[in-house]
Amino acid sequence: MVASDPDHLQDFCVADKTSRINVNRYPCKKTVNVTEVDFFFGRGLANSAVINNLVGSVITTANVEKIPGLNTLAVSLARIDYQPDGLNPPHTHPRASEIIFVLDGELDGLAHYQKNNGVKPASVIAGFNSQFPGTQSIATALFTSTPLVPVHVLTKGFQIGTKGVKKMRNKLAPRKLIK
Amino acid sequence: MVASDPDHLQDFCVADKTSRINVNRYPCKKTVNVTEVDFFFGRGLANSAVINNLVGSVITTANVEKIPGLNTLAVSLARIDYQPDGLNPPHTHPRASEIIFVLDGELDGLAHYQKNNGVKPASVIAGFNSQFPGTQSIATALFTSTPLVPVHVLTKGFQIGTKGVKKMRNKLAPRKLIK
Amino acid sequence: MVASDPDHLQDFCVADKTSRINVNRYPCKKTVNVTEVDFFFGRGLANSAVINNLVGSVITTANVEKIPGLNTLAVSLARIDYQPDGLNPPHTHPRASEIIFVLDGELDGLAHYQKNNGVKPASVIAGFNSQFPGTQSIATALFTSTPLVPVHVLTKGFQIGTKGVKKMRNKLAPRKLIK
Amino acid sequence: MVASDPDHLQDFCVADKTSRINVNRYPCKKTVNVTEVDFFFGRGLANSAVINNLVGSVITTANVEKIPGLNTLAVSLARIDYQPDGLNPPHTHPRASEIIFVLDGELDGLAHYQKNNGVKPASVIAGFNSQFPGTQSIATALFTSTPLVPVHVLTKGFQIGTKGVKKMRNKLAPRKLIK
Amino acid sequence: MVASDPDHLQDFCVADKTSRINVNRYPCKKTVNVTEVDFFFGRGLANSAVINNLVGSVITTANVEKIPGLNTLAVSLARIDYQPDGLNPPHTHPRASEIIFVLDGELDGLAHYQKNNGVKPASVIAGFNSQFPGTQSIATALFTSTPLVPVHVLTKGFQIGTKGVKKMRNKLAPRKLIK
Amino acid sequence: MVASDPDHLQDFCVADKTSRINVNRYPCKKTVNVTEVDFFFGRGLANSAVINNLVGSVITTANVEKIPGLNTLAVSLARIDYQPDGLNPPHTHPRASEIIFVLDGELDGLAHYQKNNGVKPASVIAGFNSQFPGTQSIATALFTSTPLVPVHVLTKGFQIGTKGVKKMRNKLAPRKLIK
């Protein structure tokens, strides 16, 4: 999948986060208000994140929300840190293609999920062709979304019992994967 | 999500299904070989399909595979038939937006799944902005794909036991949803 | 022809019809104001329309004007009803490809016009890859537009006399084809 | 309307007109066979064309058919020459936006047709954002296409008699507007 | 390179230059305020410009800044006038493909620069597939931009001495090439 | 600038590098011949490259030439290594936006050039929204291209003498920056 913005008409269009107009991307800040800070994320991806969830991985995004200068440029990065046995569970990026550079450690998978089967922590840098690629964890989207997907849809769709659905909901609920 | 083909340079480019060149769409048939048959699907969507699977719904596509004239036109239709209590299980169309017209009956849902909670069969016509939108049933993609997603990814990702994963795989395996 | 919107950055962008900013599509409503009503058209296309014009057909659109949730999704539907001998006269959709599903009856044509040569009413559902495809009846665009195309352009362009142009203008003027 | 080709992956892709593969644009010539001739049209648009038709105007295109180097670049030119009282009749460019530079003389119109109401010849250079924009004269497309649009569609669509349709067909038939 | 705007949803979107919202293109003027003046540039490109700079050429643009009606149409023109021995120095158009029609005289080059090696003035009309293609003279961008590129980057990048860089800066500084 | 490929019709289209057809991207390999090797670059970017040129930096690309599975996905990475005082000289990526992650060391610049003003080597990972973004060093493109830009264009364009141009050509010629 590819997300792009082929109608570039200026060298940059820094996101104006104070605008009250929402046009499927941010309007541009006035050029006089643009500073070099709009194009940097400081040490945002330089350090590994603290992992404190069931699946054992955390995603740190460097998208237009963090770097306003990425607005309309259709490119962004993310860092994913994995503890040993950590999993970046099955997910999709609804608005982007992805390419991964392994910073540290070794990983299995690399297609729609990655698993750190080594004994040391692992980290990757992921590149996307969207300034806001999105990440959707399939399990949490189906079992813990608001509003909830009805139980009978999940029992029929996954061929499991009502009890099974409720158990999965309880376990998956508190997870927070992206910051 | 949107799939399109903005570089139209001819009025039509009927899919040449005999070509040995694969270019992320079909090459075009020579114009002299194009006939009106290339633009019709006969009674392809006119009748409801026979439903013989666990979820109680069948999708009949009218995409570029069935109508070669749709090649490069970025539009297609599908018909979905539901028996009472039938479910079109949670799925995504990785390459298209969708709009639904209800032919018969009444449906719950209409977002990422539809369920026929009425006592009569139901049918819809779905419109897509791709000549090959794709349909991916989430449960079968995760539990019955080839090659299989490793059990430990599913146990961790869905927070279920190994036994649960295997049971789901067995039940989901024989399902055939799209024709 | 293809109309699309490849720079999707959110799951939806419901048309804010109250906005005073016009940006070649509607700005997005604030998410907190979005309701499921924004994604439905009620029974909008379920029933045939009343036909009361010279050509014997009526188009009912289900585009972003009727379904605000279609904004930026690049997909829409329309229903066309034809009385016996009714014609959907030669026209173009300047911003979309089209695919047609015949609901009732039989039609000749199906390329740039359709004619109901049967003895019963006919209806079709048309799918488009734009949320606002537009429909331009060629005859009315040339002979009854505001401002009028000068008579001497039409006499030379169509090789007819001045009297012929005025007669056609009178007959074509009162027609209303789209609702 | 806009025609473009956003997936540029090379500096140029000169049309290989000898290729037997048709992919909605020309495949690229091998780079070793590309010469500067592929990027020039000699004096193609420098001189006015001979006008010998009923409407009094001729279009000379400078598109990918004439300049193979334009392939995939989504830009082209055309020259239109008008004798006094000459008309470039109502038409559409199905795959491009247009901008016009008046070389000589004065013109009325400039929207969907142009008329030389002066006493001297006139000429324009038209720029398009497609390497193959297409030009469709509405009158000839409807009254002299192959296969013919049925008479009853035209009588109903334009509200004229059968005799009128046949007269228009005869007059419009021999016209040749584009070279 | 190609700049386009594939999501056309209206026949025109005349630039509203008074808008305080900046959305990587101009928002649209209200239709009731649109006049035919929005689509013309008067005699803007009809006459040669006065050349009063070191390189001996001047570019006159006819883009969305001059013709508000070009907004979203992804097409524009420019006129370039060259005195004998005049040079349109090496440059890039960061957002468009270009095609050139020679109005008067003869030119060498035509790729990334043009030089009038004849004894008479020369002029060209350039067509672009963007309503705002941009023009960046490489020498001025590197040696006279604000803020200045550091001297040590230029000495290392171009393998010249500090004195050479300063001499080039002084000579290139006063040049004004585009109006 | 943005390069993309919005007409995705399959999950992947691995580059068929043996194809004799060139269509502005690689045709797709037959699915049966696709292996996981097509999606990996081994340790391609894991280690710093040897720097043996005048400017003191080397770019190692991870694009569709190295990873055939990137074909049509509009995403790629590159690694740039800089010795102390090393410069990635002024350049453009004609077909992509870029985002940079600093692996080691500290850099000045980061806009159109980067300079390692520290005392230790530095390395970055660059993300692009094209599978083949291209990199054009401005100095070498102008002073050492084949065929050569004529001396009089460079003397006039950069306001330097003939001797200066020849000196720059000699120094810039042997440089090899990208592997």
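Chains: A, B, C, D, E and F, in written order; residue numbering restarts at 1 for each.
As a convention for this text, a residue touches a chain if its C-beta (ideal position, glycine included) is under 8 Å from a C-beta of that chain, and two chains touch if they have at least 3 such contacts.
The model shown is predicted, which means the values in this text are computed figures rather than measured ones.
Copies chain B and chain D of the same chain sequence form an interface built mainly from non-equivalent positions, shared numbers / all numbers used being under half.
When the interfaces B-C and A-E are ranked by how many C-beta pairs touch across them, B-C comes first.
Distance between chain A and chain F, defined via averaged C-alpha coordinates, is recorded as 27 Å.
With centres defined as mean CA coordinates, chain E is found 40 Å away from chain C.
Contact with two or more other chains is made by residues 1-6, 8, 21, 23, 25, 72, 74, 94-95, 130 of chain F. Put simply, chain A touches chain F in their complex at residues 1-6, 8, 39, 45-46, 62, 70, 73-77, 96-99, 101-103, 110, 125, 127-130. Considering their complex, residues 5-11, 13, 16, 19, 21, 23, 25, 27-30, 72 of chain B touch chain D. Those residues of chain D lying in contact with chain C across their complex are 1, 54-56, 87, 89-90, 92, 94-95, 108-109, 112-113, 115, 138-139, 142-143, 149-150, 152-153, 156-160, 164, 167-168, 171-172. Touching chain A in their complex are the following residues of chain E: 2-6, 21-25, 64, 72, 74, 94-95, 130-132, 134.
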